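The structure appears right after this line, and notes come after that.
Order of writing sets the labels: A, B and C. Residues in every chain begin at 1.
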Amino acid sequence: MERTRAQKFWIYVGVCLVMLFTALPLLLLVTATFSSSGDLNAKTLHLWPSEWTLGNYSRVFSGEASDGSLPPFLTAMKNSVIVALSSTLLTLLIGMFAAYACARFRFRGRDTLLVSILGFRMVPEVVLLIPLYVIFARMGMINHKPALILIYTAFNLPYVIWMMQTYFRSIPRSMEESAQIDGVSPLGILFKFLLPLSLPGLVATGIFVLLIAWDEFMFASIFTSTYDAKTITVAISEFSKRGMIDFGMQITGGFLASLPPIALALFLQKYIISGLSEGSEKG
Amino acid sequence: MIKKLRPFGYLLPSFLVILSVTLLPLLYAIFISFINLTKNVHKLDNPKLWDYVGFENFAKVLSDSSFWQAVGRTMYFTVTSVGLEFALGMAFALILNEKFAGRGFVRGFMLIPWALPTIVNAVLWKWLYDPDHGTITVLLATLGITDGHFNILGSSFSAMNAIIIADVWKNTAFVTLILLAAMQSLPAEAYEAGKIDGASAFRRFFSITLPLLSPAILVALIMRTMEAFKVFDIIYIMTGGGPAGGTQVLSFLTYQTSMMFGKFSYGSSLAFVMSIFILIFAFIYIKILYKKAE
Amino acid sequence: MKKSLLGIMSLVLIPSLLAGCSGGKSANPADDGGVQTIRILSSDDFAGFREKAVEEFNAKNPDIKVVLDHVAYDQLHDKELASFNASGEAAYDIVDVDEIWTSEYANAGFILPVTDRYTDEMKQGILPASLQIASLGEEIYGVPMFNDVVFFYYNEELLKKAGFDHPPVTWDEFTSMSQALQEKGITPGSASAWGWSANEGLVAYFAEFLGSFGGKFMDETGKPVFNDEKGVQALTFMADSMKNGVIDKASINYNDRQVLDAFKNGKTAFVAGWSFYWGELNGSDSKVKGKVKVGMVPAAEGAPHTAATGSMYLAITPQSEHEDAAWKFIEYLGSKEVQKQQSLDAGSLPIWKDLYSDEDLNKNFAALKDMEKQLEQVISRPSLDAYNEFSKNMQIALQSVLTGQKDAKTALDELVATTEELQANGN
């Protein structure tokens, strides 16, 4: 669809507004990480650091870990990677089967089941804080990563089941039916036909779930007290001491902690939007 | 027989996880909201110590003025932030759906705020609003909009709206992403037909684009409403429920009641009443969703 | 109905109870080869020093292994409350307790009294102000790890410029000096700023005024009396000083960090704050280095010059299986040698009386003698089971007066009523 000159002008105005909306706070975030505490604590307008410094970065990476191997910040990053990745993989693995059951099998109460699965995502997490703490404490799982992995898996399963079954349903059944006649087992159909065809959906769902797991704070904060278990969100919140907030350190740690999810989100964007747009442009 | 049981086999792992990590703890929480339990759960090990109070805790919640104030604040937060996110997200999606130079870059760049962890977003905006050296505070004073440095997070009304702005900045991108993906899959004829009819851009948007987008709109609204109603992290970091309780939303009130004051039973009751509100939202949305799907 | 409901609920609870059997007290996997593991949940106060001290202790005591977990102070209480409900590995032998949590923890049985473990040397040698923060009734619940109150710092140079050769003794003098400092342009604005935003610090500042106007939080029977004439005077003084500009009007928005910055840059002449201010004020980036002194908190006519306490102590939990080993470690951290080292390394105030005349410490810490004098006159925030709730209520009430929405009498009367309600509810 061709646009007139005037329309094009307004589109570019709109694009500029979107860019400004997004970029301004981000710019302040990035420049703050390179600012000295003098600039950060100035009472006059500072949109640009008067001197560029890496002081915040060196403070973030300083400090000794309990076992002397990695500084606490990097240990927390490592913990977050382990927790978020494992829970994502686990969620995709078990959610995929459930989604397959809902998309391709008829059984009594299927629709009710789907709705109630989504209903579990609506429970305010805070209500589960104490029961889960008590249960995991009795099993000796506090301060151990599997506790958080399991919790995030349970919280994200509804999203995964719901999203994956939508992708599965959008794949036409005709091919499977002929395969079925050839005697391919239901699991074979899932792995040979459905999964390869819905790979973009699987990746998109996975990234979405990974971002949520990376983001979680309330449970991580109550469930982890040791270096070996604290995740990145907890580590960032701990950069503030009593009555003393080292903003430079907090924002720099935060910026570094945001890089992995940002990279993933950009990847997600390419996957979802460009994939879909290619399809629609061709069509 | 085995054939019939097969789907249940596939559902079993998910069922076990949800049962053990969501359903059982949920029943546990329901249970403690019927007894009087403060600070010490070891009391639960001995049934003789269970102090059964029936619906007393729930009655107390419903007559608790701080609960209703928190409901009001949560509603305000949810409606305002989701409303703004939807309006901005729709506008952004419409713009980014057009052809322009550097489109791929802008689409990716726009997503970055959404990828920032909530904690980081909260830290960033808390600093921008800092009463002494926050960029926004200083800017407002420099431009003469406020008389000297105004403490944005220091009064209930401005603090709540400041948090909403921070939340909108982060989550608009998510709404944009969902709507944009849906727009990409709309048939081009939908637009073409409107053009031939000579319908104005606005009418075309409301009569053609919007109805076609409604499933995606609902998905975006449901997901954002759920999360907004449960908002906790950003409040915990930015204001801790202050000033003078002015940003105390339901999740925070529940957390405070349980984890700070140690009133486990009362906290659980609060959370349940809160769940009922969310279920009402969900019910309305799902009703609409099913209607549209048919 | 009631029975069947309970029946269903207990069925639901069975799995978690079963889990409880497997993870009870006996299953502490860390105990092997006769080494007793002591786990500590601590705030991040002096974290670096404590880690070093743990290493030294572990080296000296091969049969004990101390494991220190430290978390942000803001999250400490909530994590401790959760851990008291845990068993096995998630439970801690030793917890770090803020003085304001004593009543809550002790009455719920979350921490054990250690009165009998105190030696005579400890009972007599540790400052009474310090012992007080770890005590409830007749019992002592732990050993304080440092001593801290809200000190009254003043900028001697600015005061001299205005023609004053001593810090204010009374609150009236504080007012007249502040006005003189501002009128003569020696301070660009008000002569002092206070951290009266809604946080725990505000309660401590109020305690400071309450005590120095001759009031107190509770009477001997535990009945709240801070709404008496003295309390109303104290709060009215706070609100009026802010209204007429003696105290910076923006105090309502400041925390204790921001008021420190203003003082550190020579913008204000007085600041009330914790002992760590001293190190900050004499740091290399301070504009008032060497010009700052510690005075007594001003007081109303005939009232004591009280400062508000704010220290923390280590206590043993009943979840510990190695109470003796735990006590050994606490005693070690509280010992004179380690306390002295902590003061030298981290600038903390020691709990032992005679360390205040220690030569090394005085060389290192010029204000030590002045601070010791202040430590003799202190007021503590009240010990309540529901302290956190009380504190939240109090912050709201105080701010409503400071912002002029209510008068002091009304707000304090209301607060006393809600406090009595909290006490009556037993939690």
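The definition used in the following text is that a residue touches a chain if its C-beta (ideal position, glycine included) is under 8 Å from a C-beta of that chain, and two chains touch if they have at least 3 such contacts.
Note that the structure is predicted; figures quoted are calculated from it, not measured.
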Using mean Cα positions as chain centres, tell me which chain lies farthest from subunit B.
C
Counting C-beta pairs in contact, which chain pair ranks first?
A-B
What whole-Å value do you get for the distance between subunit B and subunit C if each is reduced to the mean of its CA atoms?
36
Cα centre of subunit A to Cα centre of subunit B, whole Å, reads 16
Inter-centroid spacing, subunit C versus subunit A (mean Cα positions, whole Å)
39
For subunit A, residues contacting two or more additional chains:
41, 130-131, 134-135, 222, 237
Two or more partner chains touched - positions in subunit B:
20, 24, 28, 41, 132, 149, 259
Please output the residue numbers of subunit C that touch at least 2 other chains, ranges allowed.
16, 20, 78, 82, 85, 261
In the complex, subunit C touches subunit A at residues 16, 19-20, 22-24, 27, 29, 41, 43-45, 51, 68-69, 71-75, 78-79, 82-83, 85-91, 201, 255-257, 261, 274
Quick check: in the complex, which residue numbers of subunit B touch subunit A?
4, 6-8, 10-11, 13-15, 17-18, 20-26, 28-29, 32, 41, 88, 91-92, 95-96, 98-100, 104, 106-120, 123-125, 127-128, 130, 132-133, 135, 138-139, 142, 149, 169, 172-173, 177, 180-181, 184-188, 191-192, 195, 226, 229-230, 232-233, 236-237, 250-251, 254-255, 258-259, 264, 267-268, 271-272, 274-275, 278-279, 282, 286
Subunit A contacts subunit C in the complex at 41, 64, 66, 130-131, 133-143, 221-222, 225-227, 237-238, 240-245
Please give the residue numbers of subunit B that touch subunit C in the complex, ascending.
20, 24, 27-28, 30-31, 34, 38-42, 44-45, 47, 50, 52, 54, 131-132, 149, 151, 154, 240, 242-245, 256, 259-263
Once bound in the complex, which stretches of subunit A touch subunit B?
1, 3, 8, 11-12, 14-15, 17-19, 21-23, 25-26, 28-29, 32, 40-47, 94-95, 97-98, 100-102, 105, 107, 113, 115, 117-132, 134-135, 150-151, 153-155, 157-158, 161, 186, 211, 214-215, 217-218, 222, 232-233, 236-237, 247, 250-251, 254-255, 257-258, 261-262, 264-266, 268-270, 272-274, 276-277, 279-280, 283
